[in-house]
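Take a look at this one; I'll ask things after.
Chain IDs A, B, C and D follow the sequence of writing; residue 1 opens each chain.
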Amino acid sequence: MSAFAELLALPSRGENPYLQEWKKEAGRVVGVTCTYAPEEIIAASGLLPYRMEARGVTDTGLADVYFHRFNCTFPRSVLQAGLAGEYDFLDGFCVLNGCEQIRRLYEVWEKHVNTDYQYMITIPHSISDAGLAWYKEEIFNFKEDLGKNFGIRCTNEDLWKAIKVYNESRRLVQELYALRKDDSVPITGSDAARLLFSAFIMPREKYNALLKEALEEIRSKDGTDDYKARILVGGAALDDPQLLEIIEGQGGMVVTDTLCFGSRSFGSLIEEDGDDPLHAIAKHYYNRNPCPRMLGQFKNRLGYTEEMAQGARVDGVILEKIVFCDSHGVDTTMLADGLEEKGMPAMVLEREYALSDLGRLKTRVEAFMERIARG
Amino acid sequence: MDTSQLSDRKDRTIINNYMKSGYMGLLLLEMEGITSLADLGGPEAIRGFLPEEFQDTFDLVQLPLLDVILKEKNRASAKAVFRTAMDYFELVNRELEAGKPHVQHYFAIAPEFMWAMDLVPVAHEALGAISSIFYREGCEAGIDRTLAEGYPDHLCAAQTGSVGYLLDGLIPKPDVLVNNSAPCDASNMMYEYASNKFDIPLVMIESPYYQNERGWKYAITEIKRAIEELERITGHTLDEDKLREHVEHSNEAISYFLKLQELKRLTPMPDTGWHRPADTLFLIQLGTPMSAAYYKALYEDAKARADRQGSVIPEGKKEKRLAWGYAWMAYDLPFFDWLEEEHGAVYTGDVLTYIPPHAGVVDTTSVETMIEGLAWRFMQMPMGRQTMGFSDVWVNDFVTIVKQFKVDTLVLAGHMACKHFWALNKLLSDKVKEETGVPTLRFEVDMFDKRFTPGPEMRRIMNEYFASQ
Amino acid sequence: MIVAGCDVGSLSGEAVVLQDDSILAYEIMRVRPRPELTAEEVTARALAKAKLSFEDLSYCVSTGYGREKIPFSNSSISEISCHGRGAHWVNPNVRTVIDIGGQDCKVIRVDKLGYMVDFVMNDKCAAGTGRFLEGMAKVLGVELEALGPLGLAGASPTGITKTCTVLAQFDVMCLLNDGEDRADIAAGIGRAMAERITKMAKRVGVQGEVAMTGGVAKNAAVVSSLQDVLGLELYQLESVDPQIVGALGAALFARERCERQERRKAS
Amino acid sequence: MISLGCDVGTITAKTVILKDGEIVAFDITPNEGKLSQAVERSVQNALSQAGIALEDIENRGGTGAGERYISFPHVTKSTISCLSKGVNRTVTSARTVVDIGGLSTTCIHINDQGKAMEYRTNDRCASGTGFFLELAAQALELKVEDFSRVAASAQEKVRISAQCAVFGESEIVSHVNDGVDAASIVAGISHSIGSGLATTARRLGVEPEIVATGGVAKLAPVLKALEEDLGVEVQTPEWDPQLAAAIGAALPDTEQ
């Protein structure tokens, strides 16, 4: 099977061969909930960071005992996977206060899933020197605590090495995005999303090697310009490529995104030299193109969306949000208004973490396509 | 009240309403020997008795609320509530008319330092929420206005109401917004929206995430940072003597608040239940003389009742002690009086009117000590305190309330918008069950929007509960 | 050139047969268990009315809930575009279209040519849709059609507090039993609908003339309270049954696409 | 001693007549038109079955969302107490009662005396309630009673994901349109309701024995889904589970 095909089809959690291999070699795994988690520190400590996702989880019955129907279905689905034992492979669980609902996984998880080791990293909601100092102290404490708990030592050299590895995949993914800028697009948005998804659930060196190969294969493909409109997708964490398939099934071509586990995770690099790798890491995550949970940053988010939209010459923007997500619930509407003001068609699309009621989703997307790509 | 003081500016509409409602309430309370609207021949007659300029106010106000405040047992607390509404918003209006920079801030931020900078701080949420307490239609117009802009219905009405008023120009547009990063995304995002929509600078005071030394230090730096930013934006500077003056007001207020809290341990319950939502909302006036007066009046009313072994429920009824674990309903204060009258069920406490004794008194020796004290108190303010960190703080507050106030039933009327609560509600009730054996009754409400769980529905739920006991 | 538009919704199916710029015939029927059956039958009936058969159709566009399952349609278009296009054909000054279907409630903004430029659609729950009215009519023991006139007679609309389509039905049962005037209840139902729709309408921004389409547009109580709450006159589609506007829009798209095909052939 | 209990629910009115604690007559009448008339009909049916006049019954209890439409003198009782007592009467070992009513789902912890200790209800949304079943049945052109039979032949079960009962209905319609066989759909519906019920029970905590009541408890596939999900046996009373509250209402010692 080609590297491309392998990355597209890489199963998550228990079924994941790289995870199985890692565990077989007595490797230990630490789950992370959010893109503000400094994966480099976990990797530099010889542990495998695994992004908490709930692909394929459709029923949340076990989780709904603790999380109410007024809670977002993303944490509910992750909790469901945990309660169903699908995260028993974790040796550690690092929660961030990315949003309050994910953050609240900490307590329920501790009591009812109990992974051996849990840690909470907090990051301020606004950007300031004091905030950066706080976040840096947080990740320093995390590094120390990881060391204490897993009996490992993580040196600056280890950190610089990990930074280089993670920067490598950032560069490769940036190439992938560059390939989608031309009229003739060699890879669909849903496949691109699958490639990126795999980055967070396997050892990064191995991922980089596979992605390099995959890029070659993608370059060798002759792309297609047989689509009605070029689309940017933004909004809440999107793990289910089916939503992108619906868009592309209606004649859209998703050529870029502003998603946290998409372009925002790979758009900017960490400084690779200096005397303080932790500072470099802290600065990178804290100042990166912000999630709506960062206040006073709307203009940057709008600017970033416009920049990505222009860069990929899109005809329309679809901002998807999960029901009961307050951050994206407000931000998507603000962004849509901001984009429309500047003449960029934008639609807010509400969905559950596990897509349901596809007919209604399709009608919305189809109508939006009819709007931006007449005839 | 001299109505000529009322500003005729449209953006004072809500503030004027509150002043007038406060005054109108006092007028009614000063009428001798009436204990209900019926005593004066019913609403229409009473409307007639009122000076003309208050008749439109009368039409806004919930009539059942007026019947409740006229009851003998509620008069003293009612006077406190309505006088405060009048005096506080009169103060705010006066300061605004004087042209001082206006700050709208998240309600559980110690506002003393803003007064000490000669700014006019008002809790943004209160501007909507108080409508929900007083008026038949609550702050629903504001809520609907915000939703019509395309914002989700699962946001918190504490903000959507006020933001709607802002959109309609019914409250003054602030020169600065000051927000506390706790408690929640819903409130944070509405500050982000208002700040962008109206191009108002947003100053953040980050909540620390841990109730410890490190957290405290961080809170101190954050308040200092907020002061610097406010100085930069408004050109006003912090005056030590003014700060001391305002901190002394809030010290007095908090000490009465805590003394009142102690009285709530007593059986029979000496404090009436109907005013509790106001007790939380009126924390917004910390630092003003009104807040001290308010909690003093409540304390003295409860103390007097306690001294004579008095009770707030009818003769012969057995006292059932309820704790409102998460929240009260602002839109139906008469509901809490109904519980006392109908079921002998008294209001012991809830996390929103609970302040741990160690929130305590701020040392006024120097600016430094005052800011340290305010930072500590800021960390102990309701809602922020429970949501900023790990759930143990919240859980322990629940258990403390249930134990200290000898609670029979913990009622979790969960606020629809509070994702924190809904993620923790089972952990909370399980822990309380485990530590105290006290059962939980849980249902869904919107604290500020009666349309979500209307009054009759709440009464049905409580009737059903008590009937099953 | 003869074309047809076929709209299969969750409650009813409609077909419109169009010749050049005039409606030859149309038909409305309650849905059959399968959309293709509904489409087949309703279109056949409409054609029969016009003394035509499927062979006479140069092009057919299907729309609505079952649009992709219609074997005889040449292509499908979302009901959102179709309602906009159809309403605009009836009155070219229309810029805003409010369409209330069985489970959907949409507010659509169209440009001066009738193409949809923006829209909102109800999420999460079915409050304020055709189903809501259906259930209520059932409880009130009147035909859906009779609900409107009944509501108009209501002097003081009853407050319907529960938003849930289903839960509200029991409340209405109780109101009935408590001797509440049926007209007032019907008026209250109209009011409740109007308030939900208004929130959505404000979101897309009401512009130009506003037309209401779909079966609910026939409910006079909803229309009148909607005019109250929105504070404007709704354009009444007298010349065309509001329920066929979706199918009409589809027929107009059919004409457009057919013409384009022929132009392609020609060149 | 003869006693009568009447439970006026959101979809049906139920009447039970007990003689020395044994059911001698019962009736279930759907609410159509005026509630008070449905109640009237139900009570009359039960009385004529038992061949007894209302005047001759000293103990009369009423309960349910529509209790106030019982016209004759009676004692008003809480639905929670009635369900608890009604179940305790026949299954004394019952500690958890799960009930699906027309528009609500309820879970109650009861003690050996049949006293309700604590309970949870979901009564703000009709998803997973009896009413949803009615809508589903309509969409499938079946009767709710047929569900057990139909589901028996199911090869698979489709996913019913919609939160809202009405969207649930449209989801079902689209499955029908996609040519999915009724059996798999009914199995899917039963599963979603059964596991929803299990979640409600877990919120309170599951203490055996567990007894299911309400119309839905008549549906074997729903009970099966519930049992599979909870991993414990779920009992049903030997009498019609829909009568639980009415029986409780008829029992003189039920809390008022």
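Heads up, the rule we're going with is that a contact is a pair of C-beta atoms (placed from the backbone, for glycine too) under 8 Å apart; a residue touches a chain by one contact, two chains touch by 3 or more.
For clarity, every value in this text was computed on a predicted model and none was experimentally measured.
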item	value
Partner chains shared by chain C and chain D (touch criterion as defined above)	A, B
Winner on C-beta contact pairs when B-C is weighed against A-C	A-C
Relative to chain C, chain with the most remote C-alpha centre	B
Computed distance of Cα centres, chain C from chain B, in Å	46
Mean-CA-position distance for chain B and chain A (Å)	39
Numbers and ranges of chain D residues touching at least 2 other chains	124-125, 163, 167, 170, 174, 203
Touching two or more other chains - residue numbers and ranges from chain B	149-150, 426, 444
Chain C, residues touching no fewer than two other chains	65, 124
Arrangement of touching chains [line / ring / star / complete / other]	complete
Contacting residues of chain B [partner chain C, same complex]	144, 147-150, 451, 454, 457
Residue numbers on chain A that touch chain C, as the complex places them	323, 340, 350, 359-360, 363-364, 366-367, 370-371, 374-375
List of chain C residues in touch with chain B within their complex	120, 161, 163, 198-199, 202-203
Residue ranges of chain A touching chain D (in the complex, touch as defined)	58-59, 61-62, 64-65, 69, 352, 354, 356-357, 359-360
Partner chain A, residues of chain B touching it in the complex	149-152, 154-155, 179, 181, 183-186, 188-193, 195-196, 202, 204, 206, 209, 218, 221-222, 225, 387, 390-391, 414, 416-417, 419-420, 422-427, 444
